[in-house]
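Next come the structures, one after another.
Two complexes come next, and they have one chain in common, chain A, joined by chain B in the first and chain C in the second.
And then the complex of A and B:
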């Protein structure tokens, strides 16, 4: 029994790696039940009339690529399916570059044009202060240039979205992996400007964001890889999130087994110690 | 084969494998790539901030449009660097005081409106919900919030008192909440690994279906 408590962690890593790799190579298609929070978010975006402007906060970097790249991709896919106009803005340095990387293939698929159908404002420093500057004037708040260094007012969408207020922006989705992120949008944009807002966060952040969903302050939440997979199913745009769910689920089962084994070992040897 | 030797993919694969070597044990390869990553990220952030904000503000707003008042925050910002000169470090306190004051003012001005729905949904949305499940959820939420708050009443005597028993329940609530948070953290790490494996086997080696 004492051995159960002293398993070399490298064996655990190796087993975990094997489970993930085998599940990726031979997907078994475990069912993914769509949760309420993702469905609420999907329905809120789906209900927006064509031509509405959806503002996407790109507040993460490549370290959460596995979870958040699929979130952005599927959200853009859904937005372009519905002929919504998309504005991307980042409070994290890599956000603008990531938005550019992810929007281009989806825009190509739906024949959407930069500047007319979507605008990449890119990264601007200042966190909540930057958001308030956007509320007053998007062009000034962005120092007049988008991610590509072009004047914001030179594009039709840049001229259309003058302020980050309910008059110009119909829905906000913040895709966040920490701070600055969702709370800045909630405090400085969604609540004072009365713009409906949803969020898409990494798994770690789900528990702290749930109260805002339950209070109705967020119109839904996409949580982690599972949330992205659920949204992919709803938007009929199955991609990398759904493909990774088998691996994630089986890895979760394995980790649970290890926790049980570890606890059995602990309980069995507790008396002896 | 061409895709395997594609410089971007190859670099990504080498870096990924180098970082994963940490799972065996801490080693110089991991340390090297960790430093490269931090350095690249910092350099990229500085460059990006300069080109997307500092340069357009100085070149367009101040020099072309004549918004000379923008020089004031620039001077305030530069004053922060006096903290590196011990004899003049007091100068850095002035911009810091503006910074903190602005931050506190902004937060105090906007946060209450976002906070009130949290309070009302905990205490007022307590009955009249449509299903038994939601009613149970509402009661659980109420009980958990109150007991967890009771745990932090340090000014009240807790031995064998009502507050003490409530706080004990609150301690369990906090432990369960932390357990759930830990579970999510573990799952997040697994997801990152799944993502890296999708890159190695899909984008790089092309052996995924």
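And then the complex of A and C:
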């Protein structure tokens, strides 16, 4: 019984890796129930009339690729399905490049054109202040150029979205993995400019974002890979997130089993100690 | 003047921001835009300062042959090599993109993915029913862990309706997230905001000097 409390961590690592890989290679197809926060976000985006502008904050890095790349892809898919115009802006240095990488295949699928249907402003330094500069004047805030180094005002969408205000932008989604991120959008954009906003965050950030969902400051939340999978189901664009759900489920079961085994060992030996 | 000058700059900056944000004439003068531009320029210079500082620290490591000094060489080569490449062909150039897609992306993703293994091992070792509080933590953790994955609902589907509703695993996890978690986080957010306001006010009055170096409070 003593040994149940001190299983070598290498066995834990090995079993976890096996469970994740096996589930990825042989999906079980567990049904994913769509949660309220994702549904609210989907409905808010879905209700936007064609031609509306959706501003996507790319505030994460490639480290959270597994969770957040599917979030961006499915959101872009939904936006282009609805003929919305998309503006991508990053407060994280790699955000512009990630947006470029993810928008191109989806734009190709829906035959959308850069500059007319979507605009990649890219990364601009200054965190919340850069965001506030966008509220005043997008062209000035971006120092006049987009991610590709082209003048912002040379594209039709760049000319259309003059300011990050409710007059020019109809919805904001911040896809964030930390700071700067959601709080900057709440403080400088969504609340003062009264632009409806939703967020898509990594699973570990969901607890700290929940108060803003309940207060109505977020019109929905996509939480972790589960949130992305739920959105994929709603947008009828099933992709990588849904495929990863079985892995996540089995990994959760394995971790729970280890917790149970550890506690059985602890309870059985507690009296002896 | 080493402390007085930065303190004067801090106080003047704070007063300008207050004037630009809370007074109509401040807004009319467009002070916010000017200050925002200054901030962005300062931050850009801070990046340069960071590069210089990093170079100094690691050149020092190499000179003194400190433990792991070869890592410092690798860091400097990567930092200056990638910067030069990105300047020469922009970050979207073929080689820069190749390095980004095949070195940075998998490396960064691997580091993040490894956390899952540490979490599994840490959860196994840490979650024990040692005390009542630890038991509550353990139950909440297992509820949310399985409830956030589709398998939770496969274990317990839930039945009944209204007052007599027995929740599914996912619904129980949602309750943990929406009620105790949100209550706790609200308290933390409000507390932190009040704390930040108090510190900002102390800095404005020149009572808090920790950011200038030394012991801090007067």
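Basically, the second predicted complex is superposed on the first by the 273 of 273 C-alpha atoms of A that agree within 3 Å, B and C clash if a C-alpha of one lies under 4 Å from a C-alpha of the other, contacts with A are read in each partner's own complex, and residues count from 1 in each chain.
By our rule, a residue touches a chain if its C-beta (ideal position, glycine included) is under 8 Å from a C-beta of that chain, and two chains touch if they have at least 3 such contacts.
It should be emphasised that the depicted structure is a prediction, and the values quoted were computed from it without experimental measurement.
Participant: Touching A:168, do we find chain B (first), chain C (second), both, or neither?
Facilitator: It touches nothing on chain B or chain C.
Participant: State whether A:266 touches chain B only (first), chain C only (second), both chains, or neither.
Facilitator: A:266: touches chain C, not chain B.
Participant: Of the partners chain B and chain C, which touch A:100 in the superposed model: first, second, both, neither?
Facilitator: second
Participant: Taking the superposition as given, does A:144 touch the first partner, chain B, the second, chain C, both, or neither?
Facilitator: first
Participant: Looking at the overlay, does A:203 come into contact with chain B only (first), chain C only (second), both, or neither?
Facilitator: both
Participant: In the superposed arrangement, which partner chain does A:7 touch: chain B (first), chain C (second), both, or neither?
Facilitator: Only chain C; A:7 stays clear of chain B.
Participant: First (chain B), second (chain C), both or neither: which does A:133 touch?
Facilitator: In the superposition, A:133 touches chain C alone.
Participant: Residue overlap on chain A between the chain B contact set and the chain C contact set?
Facilitator: In the superposed arrangement, which is not itself an observed complex, chain A uses residues 13, 16-17, 20, 61, 63-66, 94, 124-125, 129, 132, 147, 149, 203, 206-208, 211, 214, 224, 248, 251-252, 255 for both chain B and chain C.
Participant: Could you pull out which chain B residues touch chain A in their complex?
Facilitator: 23-24, 41, 44-45, 48-49, 51-53, 56-57, 60-61, 102, 106-107, 110-111, 113-114, 117-118, 120-121, 125, 141, 177, 180-181, 184-188, 190-198, 201-202, 207-209
Participant: Within the complex, which stretch of chain C touches chain A?
Facilitator: Per the touch definition, chain C meets chain A at residues 32-33, 36-37, 39-40, 43-44, 47, 90-92, 97, 100, 104-105, 108-109, 111-113, 116-117, 119-121, 123-125, 127-130, 138, 141-142, 145-146, 148-154, 170, 174, 177-178, 181-182, 185-186, 189.
Participant: Within the complex, which stretch of chain A touches chain C?
Facilitator: Against chain C, the touching part of chain A is residues 7, 9, 12-13, 16-17, 20, 30-33, 35-36, 61-66, 94, 97, 100, 124-127, 129-130, 132-133, 136-137, 140, 147-149, 203, 206-208, 210-211, 214, 223-224, 226, 245-246, 248-256, 258-259, 261-263, 266-267.
Participant: List the residues on chain A that touch chain B in their complex, please.
Facilitator: Those residues of chain A that touch chain B are 10, 13, 16-17, 20-21, 24-25, 27, 61, 63-67, 93-94, 96, 122-125, 128-129, 132, 143-145, 147, 149, 183, 186-188, 190-192, 202-204, 206-208, 211-212, 214-217, 224-225, 240, 243-244, 247-248, 251-252, 255.
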